[in-house]
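In the two complexes below, subunit A is the common chain; its partner is subunit B in one and subunit C in the other.
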Partner chain A sequence: MPENCVETSLLHREYANKDFFGRVKSTVTALHELDISVKYGELFGIIGPNGAGKTTTIKILSTLLLPTSGTARVLGMDVTRDLYRIRKNIGIVFGGERGLYNRVTGFQNLMYFSDLYGVPPSVSRKKVPELIEMVGLTGRENDKVEKYSRGMKQRLHIARALVHDPPLLFLDEPTIGLDPAGSRDIRQIINDLKKAGKSIILTTHYMFEADELCDRIAVISKGRLVALDMPSGLKKQVKDITLAEVHVYGDATPLIESLKSIENVSRVFSDMTGDRTIVRIQTPDGSDVLEQAKSAASRLNLKIIESSVKEPTLEDAYLRMVEE
Partner chain B sequence: MELNIRRALFEGYRALIGSLRFGSRGTIIWDSWDMWLLEIIILPLAQISFFEILATYANYSPAMVQYVVIGNAIQTMSFSSVFAVANITSSDKWQGTLPSILLTPASRASIIMGRALYQIIMSTLISTTGLLYAYFLFGVNFSSANYLFLAVSLLLTSISMISFGLLISTIGLYMRTAMIVANVFLFIGLLVCGVNFPISELPVWLRPLSYVIPLTYGLDAVRLSIAGAGFYAVGIYLLYLVIDGLAVFSMALLLTKTFERLARKSGRLEIY
Partner chain C sequence: MSSGEVSRVQVVKASMILTARNFFADPQWVIPSIIAPFVFTLVSLFLFSHVNGPILLYAVLGGGMMGMWGTTVYGSGSSIGFDRWNGTLECTLSAPTPLMWIVLGRVIWNTLEGSINALFILAIGFLWFRVGIGIADPGLFAISTIITFLSLSAFGLLLANIVVLSRKGGFLTNGIEIPVYIATGTMFPIGLLPFFVQGFSFALGPTWGIDAIRKAAIAGYTGLPVSIYVDLLVTVLATVVYMALSAYFFTKVEKIAKRNGTLGDY
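On to the complex of A and B.
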């Protein structure tokens, strides 16, 4: 058996904008000569900003979209030719609420997809209740899907992708739009699937999620692979920066402006949470800059609630990579 | 090899039966009894009444008014066999289920046949109700009717028209929706299939279109069955109906594959 369940070589995809007469007006490159390989049993993350090419990659690997050029092999098979065999051996979960039959029950959705995957009824009658239990929908399986919450729908999506017990799963932003509890449930399910030996390719916008779940992560920006490493390896790429963090009450705009003028500050960004503003300062010299930030806040009569110097996160690494 | 064929047949059968069971519940917008009754009872009455009054107003002869009544009683099945069937792909696009369906290894023929089979019952029921109105409310003479031929004609017309609906449905794989085309063909059917006047009244250049749409042969077979025509007279139209239905169905399967490939190439599968 080959070592890798997914291999791409110079995988390239362009979308053509055509006029009424079918003439190409312009082309957009969604994926630029992507080279990645995913090992069997690995949980492989693909992260990148909106429009980076994550979903395009998943669509090509799952046979939903043809590449413009390059090659992609899934479970040793060519995505442009071996459609039937690839489809029998992969499961795909799309993020969001769409993609389920809302006017029928969760159970009926799963039984229908079992039929479409050619699962014998004797198997699906046992398997479907097991899946319902695994994703925590026991007791709600006979409700129409239109009555499900967003989190329940997402869990049903995962169960649907598993009705034929595929060895390889594609999860395209499976926690998008979910509340923290819903996201945590999905992450737990993903962890369980990995422990069960599934190979998983996950795309996500949430850096902590990628950090927590993935063995390796590919960072894609504007269709190009900009980094590929373990989460710890990606974070090492920003070891030269630390993060000074100051929480203040009220509008911190003047503070942010003054911090930008300090030497060695590479980036200042902020978040409003309730009545406080969290100001984060990227700099190689965190302790010194933090003291300067505290002084600046005092001068501006801003009350400091808390302050600290933090190690760089995957998000810091990601932001630097996609902005370079 | 034999094992592969047996497995393919089993998988095709599972997809067909699953889609048949699921089709009416999961993919039809009007999935409640009141909507079904509205379609079966009110729709044929409204359409037959409109064209019967129009024919009377236009001073049609009594025989031609009966021609119009029977024509519209049968044509109403198009709402189920063409419109609802054409909606299958579009409905999957709206619900976002099309990619999930197309990512299964199931035979496309099994899925679309399974989804559409239920509409055979619906469209046959609609036209049967229309013929009951024709008898009880509009005075159509059934005294010479051969009911066996009539039943076979209705059923084969329904099956062939569903093939036609499937053909239109395939367009939804590539275009945003097939519903515009389905609407257009509902009215083209009214115009060219001999619903309200014989196709001999059509301009010569338009007549070839009449012979493409199965409804033309179905209407001839039904009218001859009601008039009490013999086996050979009705049978030839039933044969045309079967040949046309098979040709249209084969075309639908071919276009399904073609449009699916084109949509994979262009990335249009999810555009709705």
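On to the complex of A and C.
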């Protein structure tokens, strides 16, 4: 058996913008000569900003979109030639609420897709209730999908992708728009699937999610692969920066402005949480800048609740990579 | 790794069942399926209410055919459009089954449901307007109806291709409904139509099927200047051609939609 379940070589995709008469007005490159390989049993992440080419990659690999040039092999098969053999062995989960038959029940959705994948009815009658239990929808399987919450729909999407027990799963932003509890449930399911031996390709916007789940991560920006490594490896790429963090009460706008003028500060960003503002300062001299931030806060009569110097996160690494 | 072929019968059956479930879950089905053909039939029956005899049966059969045809076109066009809008087209296409068999299940259900509409309209004609219930040759009538039913399904399958290609296809399939009513002679003999339209009429399988149904039902009905067996033969040939074209176009259209990246549009 080959080592890799997915291999792409110079994979390239352009979209043409056409006018009313079908004439090409302009072309947009969504994916630029992508070279990646995913090992069997690996949980492989693809991260990047909106329009980076993540979904285009997933669609090409799942045979739903043709590449303009280059090659892609999934489970040893060519995505432009071996459509049905590939489809029989992959499962796809698209994020969001669309993609299910809302007017029928969750159970009926799963039975329908089982039939489309050629699962014998005697098998699907046993398998579907097991999947419903696995994704935590027991007791709601006979409700129409239109009555489901977003998180329940997302769990049903995952069950749908598993009706034929495929060895390879494509999860395209499976936690998008979910509340924290719903996202945590989905992450738990993904972890369980990995433990069950599935190979998984996951796209996500959430860096902590990619950091927590993925064995390796490809960072794509403007259709190009800008980095490919383990999460720890990606974080090492920004080892030259640290993160000074200051929590203050109230509006921290004057503090942020004053911190931006400090030498060696590459970036300042903030989050409001309840009545406090968390100010994060990206700099190579974390301890030194933290002291300067404390002094500035004191001058501005802002009460500091807590302060610390932290190691860079995957998000810091990601932001630097996609902005370079 | 799994590599076996998916059973087409299983897919067609599953698709029929899902379409039926979706159909009954949406109360709007009453408008195109019952109310519209019912109103058309009422209008034509009132128009012909001063005459007696075969002309009324002609009108009632025409209304029944409109019920069948309307549902087939509406259902075929809207079923893929519904998938686009619902976001299920990509999930459906990601299954290891040629799309044609999935759509065939839907079209068969739509035509079946159209046949029920047709029976409903015939019942109204017979019970309310006292149209003579005597069918001249019940055996040939049944055969003609079944063959026409299959021909309508195949034609609906061909139309569904357009909607796979682009969301704009829905406009075309909706717009074709009334011209085909006229061209196939459901309500008016095609002899009344201009010569260039008649050419289009003869290319449509249902034109011949409807003629066969009327010849079997109405004693002495002349219609097209060929025997009922020729009508049925042409309908069968047209059905085979529609199926072959559908099989070819479904593969072609899916490839074009994948090349253009339009499968996810809604």
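Here is the rule we use: the second predicted complex is superposed on the first by the 324 of 324 C-alpha atoms of A that agree within 3 Å, B and C clash if a C-alpha of one lies under 4 Å from a C-alpha of the other, contacts with A are read in each partner's own complex, and residues count from 1 in each chain.
Convention: a residue touches a chain if its C-beta (ideal position, glycine included) is under 8 Å from a C-beta of that chain, and two chains touch if they have at least 3 such contacts.
The shown structure was predicted, so the numbers you read here are calculated from the model rather than taken from an experiment.
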Fit or clash - subunit C, subunit B, common subunit A: clash
First, second, both or neither for A:Leu64, with subunit B first and subunit C second: both
Touching partner for A:Tyr117 - first (subunit B), second (subunit C), both, neither: both
Partner chain(s) touched by A:Lys25 [first = subunit B, second = subunit C, both, neither]: neither
First, second, both or neither for A:Asn102, with subunit B first and subunit C second: both
Partner chain in contact with A:Leu75 - subunit B first, subunit C second, else both or neither: second
Partner chain in contact with A:Lys195 - subunit B first, subunit C second, else both or neither: neither
Partner chain in contact with A:Tyr84 - subunit B first, subunit C second, else both or neither: both
Subunit B/subunit C common contact set on subunit A: 15-16, 59, 62-66, 83-85, 87-88, 90, 92, 94, 96, 98-104, 108, 111-113, 115-118, 121, 160
In the complex, subunit C residues that touch subunit A: 1-7, 10-11, 13-14, 17-18, 21-22, 25-26, 86-88, 90-98, 102, 255, 258-261, 263-264, 266
In the complex with subunit C, residue positions of subunit A that touch it: 15-16, 59, 62-66, 75, 83-85, 87-90, 92, 94, 96, 98-104, 108, 111-113, 115-118, 121, 144, 160, 164, 166-167
Contact footprint of subunit B on subunit A as seen in their complex: 15-16, 59, 62-66, 83-85, 87-88, 90, 92, 94, 96, 98-104, 108-109, 111-121, 160
Subunit A-touching residues of subunit B, taken from the complex the two chains share: 7, 10-11, 14-15, 17-19, 21-22, 25-27, 31, 95-97, 99-106, 111, 264-267, 269
